[in-house]
């Protein structure tokens, strides 16, 4: 099993999923509209553009982490294949809840559905991470166990934050939507703890290169 | 004819076909729906998500086998090109019967159409496998003829199991649908015989690397 | 300008265009249909599947020729870039006339539009071929001028045959449609003259490898 | 962070965005149309084809510049990652304003929206260019500071020309549309100053190869 073709296939699914998001933004009907009506109708597209941008960054962040993870893989075993296929299935599904959120963002079930989809994706990513940690990173001593534990907690905090956002939806829908926008931005721009982890994580991969 | 570009093109078609599946899941109209109506309508999307997941794994399994097969190719001749193009045509078509099954899963002709599409895809894959076995594997002694024969039977059992599922649709539609879900899972998680075959198949390719 | 990224980008466009074809096959409405009605409606999808298959092979053949052509390129100059972008623009457009032909195959203007689109694509390919022949192949003596001339005629015969099919549409629509199916198959399965050309063409590229 | 996978992912998004443009061209309904009615309706698709071609070249030009820029990158840092993700988000969005322009090209807000989308994309590209210039090109002395300044002005002129086209839309809509067609063609076919810049820019990258 060639690691290169496996990475290329995964990258392909990430790149296609992220680009398909735009197809879910429906064009308003402006055929008989005056300029001011057209502006109003175009302005109503804004929630779609917001959910497009948010999911774009979500998939981008997942791709970045996927790539970091694969630095530790030296070969692709059957278990990695199966979990990765499951992860890609979740990633390729994201355009669907994104379209729903863009169109029916004021509907509680839709907001919950979006959050649960992303939480599930995060948990499947964690499954892949756990497997790689226990099968490759710890057994081959690629990183210090303490750094691994911190990275695992960090990784788990991602789907957990979506579950919190889902819970908050029952209290205040807008609070939940704000969290959906902020969560991927937070995981895109690493904090102090994250920087340290990244340094530690990157050292062995640099050594490998 | 560069083997690399040929693999990249094939991987591209597999990755795009698998990601396009999501576009066939139609969004329900929730514009005037109450929360409980929205939940009901979202729940009705479940057959779509099931057919999405099933076809995702179908294409994933085909891609895995395609990749294994290409380990044995040292160059791309015209016959491989033509059969492979035929195979990609079948793979890229899968989103269509998947959409039909998701929307009209209780219609006998649709269930039959889905099964026949996947059986045809499987047979075209077998055609490619037969050609590679007789043109490259056996003549160059890459694997023992007995292992090749077992692998051929295994490979043939895949489209045959879809034909059985199609036949069962005339007896009981649900039985057929359950089989559609199980078949790709079965070929994803290799049994005892398959493991042995994989070991034998992988040995020469490892030697090549 | 890296030849690798340029090839990868071109391959990507070919692979995506060929896979997007399936999205143009519309699903019939079978929600209230009996089994026999569903069979009738599914049977009416056949022209779509035929135009899908035909255009799939068209793009496949173009990709194969594109790949052969690029064996002769050692670097990407601005002219190649511009003509290639024009070619990709034509290739990426093919799903549109394909969708029209699948749905309105009995309309003369649609049949003419399909043929003209493919003829135009063929002429742009020829433009690229002429440039590569005069800038790289002849000046660097990669192939014998006589073989180059034969290959040029062969290449020109491709868009010409589409123009003939377009002309025949005014006499008999079905004749034209049959030609549309046969032309890509003919250029996929090389005749005696083509085989000789391929041999001659492939020699220097093999030497390069 | 592997530069190769990063380039492959970016190339993928560019290639997919450019190929998805065709999906935004809606098929006219010709089911009951006579030949002359069909010709009229097909002719009305022309604005769609024009906006398709224009945006195709826009994305092509952006890809070409993106590629040149990446010649100067030796590694991918977090800042490049984030700006690049923002750029890809703008590029993947282009099919949406393109669809609007094709369908409602006589609506002032739509014409303005198209121009602003492309201007924004251009500014994000400039952000990436500024960062790469100050972090890599100038500090490592890859190009002469004077040539860098000229290239920066050239790069800034691209989004500025879209802002001018947007401004002209309020005076004369057609003038604005003509500019939209001409701008990407102008940046595709380099003028005298651009040629000199390209030469200067390409020298160090050639040296690197």
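So that you can tell them apart, the chains are marked A, B, C and D in the order they are listed, and the count of residues begins at 1 in each.
Everything that follows uses one rule, which is that contacts are C-beta pairs under 8 Å (C-beta built on N, C-alpha and C of every residue); 3 or more make two chains touch, one makes a residue touch a chain.
This one's a predicted model, so the numbers in the text were calculated from it and none came from an experiment.
Asks: Following contacts chain by chain, what is the lowest number of steps it takes to reach subunit C starting at subunit A?
Replies: Graph distance in the chain contact network comes out at 2.
Asks: Look at both sides of the subunit A and subunit D contact and report whether the same residue positions are involved, with over half shared, or different ones.
Replies: Mostly different residues: under half of the interface numbers shared.
Asks: If you average the CA atoms of subunit B and of subunit C, how far apart do the two points sit, in angstrom?
Replies: So the centre of subunit B lies 26 Å away from the centre of subunit C.
Asks: Roughly how far is subunit B from subunit D, going centre to centre by Cα mean, in whole Å?
Replies: It comes to 37 Å between the two C-alpha centres.
Asks: Counting only residues that touch at least two other chains, what does the list for subunit B look like?
Replies: 8, 12, 16, 20, 23
Asks: Considering every pair of chains, which are in touch?
Replies: Here the touching pairs of chains are A-B, A-D, B-C, C-D.
Asks: In their complex, what parts of subunit C are in touch with subunit D?
Replies: Residues 1-2, 5, 8-9, 12-13, 16-17, 20, 23, 78, 81-82, 85, 88-89, 92-93, 95-96, 99-100, 103-104, 107-110, 113 of subunit C touch subunit D in their complex.
Asks: Which residues of subunit A touch subunit D in the complex?
Replies: Against subunit D, subunit A makes touches at 7-8, 11-12, 14-16, 18-23, 25, 27, 30-31, 33, 35, 38-39, 42, 49, 52-53, 56-57, 60, 63-64, 67-68, 71, 188-190, 202.
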